[in-house]
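To keep things simple, chains are lettered A, B, C, D and E as they appear, and every chain counts its residues starting from 1.
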């Protein structure tokens, strides 16, 4: 019999984590009930960034919705642009030229790399390794340079639009991308050694926050979270959009379902994304980059949805049109929103420090959760 | 008594250093209290309940273990000064003493007193 | 439109490395010059042999307090600069030469900052906590031998005194954590006490090992025994593991990164000093860095032959060794992630304590020879 | 895409269900009445030919007369998507909750409640307005995504809705 | 509601200053030192809301490196001098920001970063968004942009430093509202 009897329970202590907390990744509020260091129960409170975005879409013409999607998942704005553009294209039956599709895929993958680099950095900070955060941001700046070269913005690009993309690749883009990737491959390995090879990092993440395969499916987890639990669910493979079916890439899947697995999935995805971008340069055909779109865009009445794989998971826009200028309803299926709903289950009985580790490994963006 | 003079002096000066600094700061620093400022900080929201409540027993067990081992160390310090007089005999005795403690540690380990859970 | 794409070649990275090396050497050189100037000349003056003992002690205490305060200013700058170098950035740069005035600005600002005492806090505990955390640190400086002449008080029970006094830091931390009536503080304080107390044991055992080898508890005598050979070289089979254990425990006592749970920023906001503002907070900072200097200096005394070294004056050697050790601690701090509380405790009780007991027994056998 | 046999079996069991295939994305779309909805969900989850173990999305909107609800299910093993649509009346918006079949429906249903006031029968927080609210503040008046929603401006930035200016 | 603008006379302002024997001859250098210290040691509250928070993190990251200016991030408001409101503020969030601002010790400054924090930004016609943080906390520097580039934020910080350097700092009363003249950066953006 252990000396520490759990029968003597102390009255719980309810702690607020957030809205202003160094590691809640935005303004998430966790109401954590503690017994000493052990979490009894946890209740996430969200909505601190709620701005009624879906309602605002209803008062705007289709193309004017795009700038707002930048600010949903602000770490991967282009993926959001792509998702809503696809929804609009499906509602209005618009075909996109091949070259535009390649450019879209390429940029989305580059944005995915930038987003995952933020994950590596913030996750390392959550675990306590501040330096990796700065290394990751140093690398991310280079990715942002590339994206800025293409789109003219650092964070909110507002660039992919229904019918294609507005501008072709700039001069010397390929060379710049290649040189940055060369470096990124080296620094990624360095960062990886700093964390993955680190014993402290391993004991902090291995076997922590385990999501079983069934659990992940039942709760609707997507993206790196479900792939970390051993389910090869990647929209790019199971329902390919744009030109993903023509590209050769792997979907990294890890079976452990713990924080480490989710972290490794993302590291591996960076490598795969680089592979995709390099292929895009090789395969890209010449041609148009934008379909001719009517000045006043009125899609036929109907419903459509898009499914895309954003860095966080399955990002899908659902759109209802009644034939007028504005959509009747735009709904965003935000992966982070679904992942956060798993938290109360995941956090039962863990230590306080693990709360942060688990929350960080889900890589939620609150702008997307609250909409 | 003479040997305690530096000790007393250091304590007094250390105390005075902090005290005088805080006192001087008191005259120059602004002060604009308001009810929100006086309240306990807990990430923005109003704190739920009080922070002073009973604590988990794990901390207590570690404190107990600490006391045992620190007393051991306190015994060993005079021993370390004097063991050369008695030679190997003293060392063996000390090792037995430490081993006894080690057995205690193993006992606590086996009874899962060292687990935080 | 063209955007500059920043690239870095292999030679650039090599340049960065050697640049960093040169910068660190310069830092060390500057650091060694700092104590060189006043100390060496003040040495005979400071001893005040003929003075009345009370006045003598007073002057010494006064000098030590000022030394601690000034050195901490430098150490914080060093820490930030070192962090900047490790993290591929510049660190403080615009306040004074290379940002040397940075810490001074911080200190003055904190001095002029409003002081908040939460309404629900225990005012007495809240007020006394900075005293409790700074005073033990200061007292330990009393027996730290910078050189054979420059030691404030050559206490014949020096090592025991350090052990006895430095444990009291935990008291200050607990007072801060409990007094503020803040949940983060309380968790931080409780963690701190559990951690500080636990790591005290292997640390005490390792100090004891050196004491056993030197057959004295006076800090000065411990160094004098190493006149020909450093402890860590002379008795390397036991002293190298002993030093590593000592370093680990020192990191834990200092709340530095693999063990910075009491002030873990990602879960406990600022830990035990969450509610402290202005000058009171500054004293926690002061105590932390003073403690850092002391721990490194203590390790130098125990294992690295204290002030002994060729050419340069003893005080410089001592400071140099100490600073190198501090840099090692910073290096560890900015590299490693943080452990969890149960892992920290498990590591101490299941790994360090048994190993340190064994090492101590071996040391005793060696010492007998 | 489920097999034709499976679809015909579904049609036998749920004769009132309207069945449509969206060939553009090869999705099966099922229109059901409110009261048979839960039964259909159970069937989709348990029938091995459909095996919809993954709830991807729930949403609703306001047509002015009713609140259509739109569910998207996915089958991990068979890799197909089934969309279920239903209508709840505007004057008494209530529908069976699917949280007992797919626990992930919890927050999605709460969001529908928060925005449109649709009540989910069997949801753990059903009837508890403060607990059901998820994105809006607990004391918010009305359901903001309804077409006829008119905010009551308080003028105080720290409490209540903000004025449009 | 909004920030109350108190009108004060010059004598009243003078009366807040701490009486130091020696008068202006002593106050002037002391004040200069205090200004220098305050402007060079702006500790910021780790507090990000949305997109701008990412740019704020980038500003602290190696390429821009806020530590050069002596600016580090502190997690608790008790040790912070400046609050960078980076992102949009919803009605649900506003009371918390107000409380956080209140809990910071004097002297304290606010930088409204991004269009949303300055004036509501693209969400100006959303009912749940507060049209600018200046509705409930006094703002020293407005940095426009959506989100502003790191260079822009650094510009704002430097402007704030200039402002602090020209402030009468040795006042017993913490309420600096009458002194406030907000600086606006890139408003035509």
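Simple rule for what comes next: a residue touches a chain if its C-beta (ideal position, glycine included) is under 8 Å from a C-beta of that chain, and two chains touch if they have at least 3 such contacts.
Small disclaimer: the values here were computed from a predicted structure and weren't measured.
K.L.:
By label order, what chains touch chain D and chain E together?
P.N.:
Touching chain D as well as chain E, we find A.
K.L.:
Both chain A and chain C are touched by which chains?
P.N.:
Touches both chain A and chain C: B, E.
K.L.:
What's the minimum number of touch steps needed to get from chain C to chain D?
P.N.:
The fewest touching-chain steps linking chain C to chain D number 2.
K.L.:
By CA centroid distance, what chain is farthest from chain A?
P.N.:
Taking each chain's C-alpha mean as its centre, the farthest from chain A is B.
K.L.:
Check B-C against A-E and say which one is joined by more contacting C-beta pairs.
P.N.:
Of B-C and A-E, more C-beta pairs in contact link B-C.
K.L.:
Measuring between Cα centroids, what's the chain most distant from chain C?
P.N.:
The chain lying farthest from chain C is D.
K.L.:
Determine the chain that sits nearest the middle of the structure, using the mean of its CA atoms as its centre.
P.N.:
So the chain nearest the centre of the shown protein is A.
K.L.:
How many angstrom lie between the CA centroids of chain C and chain E, rounded to a whole number?
P.N.:
Computed value for the inter-centroid distance: 35 Å.
K.L.:
So what's the Cα centroid distance for chain A and chain B, whole Å?
P.N.:
A distance of 46 Å separates the two centres.
K.L.:
Chain A to chain D: how many Å between their CA centres?
P.N.:
It comes to 24 Å between the two C-alpha centres.
K.L.:
Please compute the C-alpha centroid of chain B, do the same for chain D, then give the distance between them in whole Å.
P.N.:
58
K.L.:
Enumerate the residues of chain B that touch no fewer than two other chains.
P.N.:
Each of 28, 30-32, 37, 39, 41-45, 47, 51, 55, 58-59, 115-117 in chain B touches at least two other chains.
K.L.:
Going by the touch rule set out above, which residues of chain E reach two or more other chains?
P.N.:
In chain E, residues 61-63, 75-78, 92, 95-96, 98, 100, 103, 105-107, 125-129, 170, 174 touch at least two other chains, as defined above.
K.L.:
What are the residue numbers in chain D that touch two or more other chains?
P.N.:
136-137, 144 - these are the residues of chain D that touch more than one other chain.
K.L.:
Quick one: which chain pairs are touching?
P.N.:
Inter-chain contacts occur between A-B, A-C, A-D, A-E, B-C, B-E, C-E, D-E.
K.L.:
Note which residues of chain C are touching chain E in the complex, please.
P.N.:
Answer in residue numbers: 6, 80, 84, 87-95, 99, 101-102, 104-109, 111-116, 265, 269-270, 274-278, 281.
K.L.:
Inside the complex, what are the residues of chain C that reach chain A?
P.N.:
Against chain A, chain C makes touches at 1-8, 83, 86-89, 183-184, 187, 190-191, 257-258, 260-261, 264-269, 334-343.
K.L.:
Can you check the complex and tell me which residues of chain A touch chain B?
P.N.:
Listed in rising order, the residues are 1-5, 8, 10-11, 13-21, 29, 31, 35-38, 351.
K.L.:
Taking the complex as given, what residues does chain D use to touch chain E?
P.N.:
136-137, 144, 151, 155-162, 164-165
K.L.:
Okay, in this complex, where on chain E does chain C touch?
P.N.:
Residue list for chain E touching chain C: 33-34, 36-38, 40-41, 61-63, 65, 67-70, 72, 74-76, 78-79, 81, 103, 105-107, 169-170, 174.
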